[in-house]
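Mind looking over this structure? Questions follow.
We just call them A, B, C and D in the order they show up, numbering each chain from 1.
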Amino acid sequence: MVFTSHEIEQIAARIPDGAKIALPPDYSGCAMAVIRALIRRGAKNLHIVGVPSVGLQGDMLIGAGCVATLETAAVTMGELGIAPRFINAAKQGSIKLLDGTCPAIHAGLQAAEKGIPYMPLRGILGSDLLEHRDDWKRGENPFGEDDPLVLIPAIKPDVALFHVAKADRKGNAWIGVRRELMLMAHAAKQTFITAEEIVEEDLLADEIVAAGTIPGLYVTAVAEAKQGAWPVGLGGRYAPDAAHIAQYYEQARSDDGFQRYLADHVYAPKAAE
Amino acid sequence: MVFTSHEIEQIAARIPDGAKIALPPDYSGCAMAVIRALIRRGAKNLHIVGVPSVGLQGDMLIGAGCVATLETAAVTMGELGIAPRFINAAKQGSIKLLDGTCPAIHAGLQAAEKGIPYMPLRGILGSDLLEHRDDWKRGENPFGEDDPLVLIPAIKPDVALFHVAKADRKGNAWIGVRRELMLMAHAAKQTFITAEEIVEEDLLADEIVAAGTIPGLYVTAVAEAKQGAWPVGLGGRYAPDAAHIAQYYEQARSDDGFQRYLADHVYAPKAAE
Amino acid sequence: MSDCKPEELLIAAIADMLTGLRHVAVGNSSPIPGAAALLTRARSKGELRVSLLGSRKHTAFTDGGKELFDCAAEGRIDAFFLGGGQIDGEANINLVGIGEYPQTKVRFPGSFGSAYLYYLIPRVILFREEHTDRVLVPKVDFISAPGTSPANVYRPGGPHALVTGRCIFDFDKQAKRFTLRSVHPGHSVQEIRENTGFDFDMPASVPETPTPDAETLALIRGRIGEEIAETYPAFAARVFAAA
Amino acid sequence: MSDCKPEELLIAAIADMLTGLRHVAVGNSSPIPGAAALLTRARSKGELRVSLLGSRKHTAFTDGGKELFDCAAEGRIDAFFLGGGQIDGEANINLVGIGEYPQTKVRFPGSFGSAYLYYLIPRVILFREEHTDRVLVPKVDFISAPGTSPANVYRPGGPHALVTGRCIFDFDKQAKRFTLRSVHPGHSVQEIRENTGFDFDMPASVPETPTPDAETLALIRGRIGEEIAETYPAFAARVFAAA
């Protein structure tokens, strides 16, 4: 059964320390309210998988000391440039980096979705990424001659976490064309979702809506979170809060500034929630 | 550019003899009008790929002598039982059979969709299917020990052919939850579609509709075909013509009966079209 | 309960095998297993999820034809049903044909997903109403999917039981043999011996397959009859006089 | 045409490289390449398809994040743009960092899809406005994606040209070297030599990058400015005073 009456804090409590957690980029539906709750509960040793990159979520979790390992094709805050806490951690060597490339992350998740141990992939050969990824292997095309491939092992997150516009009481969640969220839910052992609204109708009842819906079958729990993606945006609903993100970017460039940001916007009496 | 002003016969003319043609099962949107046109134009040596099985389309094309190779997980006419022309051809040995299994056909198409030479798969080992499929290989899991796998080569159809409820002037085609049709279009070199109606609005403009839409990017040509799936049904639009299919089933049990069926319903002055 | 129809008995017997599971999938053309899954769901108070292929209402898949197989490979489906043109004593199933492949004398529709799902779904129930030595053979002519696999083959799934119109067999993966579990009312062990082409084990005393109680029968004839009629109207009309 | 802004010159120059193609994709954070692709589309009378990532209106993908990569692997994308924190004379690109990995002194965002798309898309245009010997280096510290590959590596794609704020280079895959194609108005070969960290070839006489004609400029400032503003409002406001 899917529970749709969870509070944000309950979701954060169900994501254990050390979990491998798949997160979308800033444009694809970020459960920011849960990210703040994870920081509040002092989550530790998370292994973040950016699908295929992460933005503010990754930067905040890294800055707050929640992250042990970062597996991603990039960390980016879009137009603002580079993510400050990530940059700092990379320079300090304080987190383990598993630098990847977008299609390899998608392929690894697809392998998990299919229950197969790996997916062969083109490209990558000759990239230094391959030199530093002990978990990737070189292989040969058994259907060709002297045709090297890279073999990407399945990425099976413990948790997929994201935010959607709508979910229903059965845990069905509408994602529209954001199919990478469906891939995450299919691949992960548990999927936690926040939704702008929880509706009473069955999102699978109408085929037009169903076509963009993750079935509750894959969903562990849903919590309602109005403006749950804030300060990043939610496609079709609201734009990013550019002023707030710019302020974050400025504050997060120093350790002190970042701590002040956390105090004001994460630890403060649930201003945002 | 996608052409949406084609006639049925033009689509059939653009599917060459010898083409590897991917077809859906009876419940998933069959371009029956084009199938009849292919028979009328005397198509030869087609290699049918059932995705993952075929029904009436396969039986008719086989009966009419259009098929050299049949690659499918099954040929079935649902409740009526076995497809009569297929059974006859199998007994006669008049077509080459590549018996497969549903997930291997999906995996082969996914490999083509990803531009990779093969996809590893669980299961199948110990099945006699593997003994008869020279194109499948056994492999080992390079990430495990003594963990045999089957390697399924990419299936890249020359043509994907199916029928949908709606397409627009840009060749975008709405398929709802029938994502196997999208997989076919992604995997195939060319995709021909018939549609109940060609609408003037852009199916990608609204994200709710877009979520169930194949972009025109993958579509070679679209022809309007009212009742284009008849006598099989089109989900959400019309049910199969059970009486007609039962009549087909009876007639197709004999060579003479099948020829009479063709004369009455395929060669006759476009009764159905 | 002498007015219990054979189909109702089978529905109830199969439903009992599904109790406590989280997700049961049922393939196309399977009205009795479909009704059984819906019955278990009705009794589970919503704990059991049923994916009835071919149904608009009772399937939750939104990722195309591959989703059933991906879902099974990830361990998200607990039980499934397979049949067979031939089934042998080692639970090998043949959905391809009789005689030498490819030019078989008798041709069946094909293997569908059996060569995958049989390996990956923990509880596969073999279901075939026709119980004759034409179907239940010493050795199948073509193995669409084997009953058991060597230890190194990844195989969390496999045959759990074989349900026919005459009886229920359990399958022992270690011994690679069927054991007669129960005989349906009106049938006998002797009759089953005569109509089964393979050798099997049996206890000293073979129980009768229990008939469903009044409450279960009412549920089958009421709600389940209505639910299954969406996908199998002809079956529902014939068995429950409801369409 | 002295009132042509540098951005407009680059848009027109890149657009010329896309003429005759069927499908151009443009990654996130790429307003100039995005505008160039939209310009080519406008002139192609609809023959060119543009997939502008980050745009709701000018992207046709409906299969999630993987679709761009699958599409490229199938040969359905003719041109794409990549940048680099460092780019070297063999067209290797570095999007990871400067110094020893993983504890780099300077860290860039990461490789994104470069380690794939650079191999598979026939015409990859390297674009980096900053033309200094800090960016254009003799050898990158980290190869996110190599400029060329051994003969046995499947590689239908690779670098076509390098466009900077000062000039355009062509890339020769056989020689593994850049050749100076043209210098933008107001810049000199001497200046390019001084600001380029790698060695490159050049013809005896290096032409000036052509400035767009009045018609093109009007198109850029009109329709293209409006179209690009959907995805890059700040860029459009700054360059075209249109948002």
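Just so we're on the same page, a residue touches a chain if its C-beta (ideal position, glycine included) is under 8 Å from a C-beta of that chain, and two chains touch if they have at least 3 such contacts.
On a predicted model such as this, the values are computed, not experimentally measured, just so you know.
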Path length in the contact graph (chain C to chain D, fewest steps) = 2
Would you pick out the chains that touch chain B and also touch chain C?
-> A
Based on the averaged CA atom positions, which chain is farthest from chain A?
-> C
Once you count every C-beta pair in contact for both, which comes out on top, A-D or B-D?
-> A-D
When centres are defined as mean Cα positions, the distance from chain A to chain D in whole Å is 29
Go ahead and note the Å separation of the Cα centroids belonging to chain A and chain C.
-> 40
How many angstrom between the C-alpha centroids of chain B and chain A?
-> 37
Could you say which residues in chain C touch two or more other chains, in rising order?
-> 56, 61-63, 66, 69, 73, 120
Chain A residues touching 2+ other chains are 107, 110, 114-116, 121-122, 147, 177, 182, 207, 210-211, 235
Return all touching chain pairs.
-> A-B, A-C, A-D, B-C, B-D
Complex interface listing, chain C residues touching chain B = 28-29, 54, 56, 61-69, 73, 95-97, 101-105, 107-120, 142-146, 149-150, 152-154, 234
Per the touch rule above, chain A residues touching chain D in the complex are 27-28, 51-53, 72-76, 78-79, 82-83, 86-87, 90-93, 96-97, 99-104, 106-107, 110, 121-129, 132, 146-148, 177-183, 235
Along chain D, where are the residues that touch chain B in the complex?
-> 23, 46-47, 49, 56, 60-63, 66, 69-76, 120
Within their complex, state which residues of chain B touch chain D.
-> 1, 112-116, 172, 182, 186, 204, 207, 210-211, 213-218
Quick one: which bits of chain B touch chain A in the complex? Just the residue numbers, please.
-> 107, 110, 114-122, 137, 139, 141-144, 147, 149, 151, 153, 175-177, 207-212, 235-236
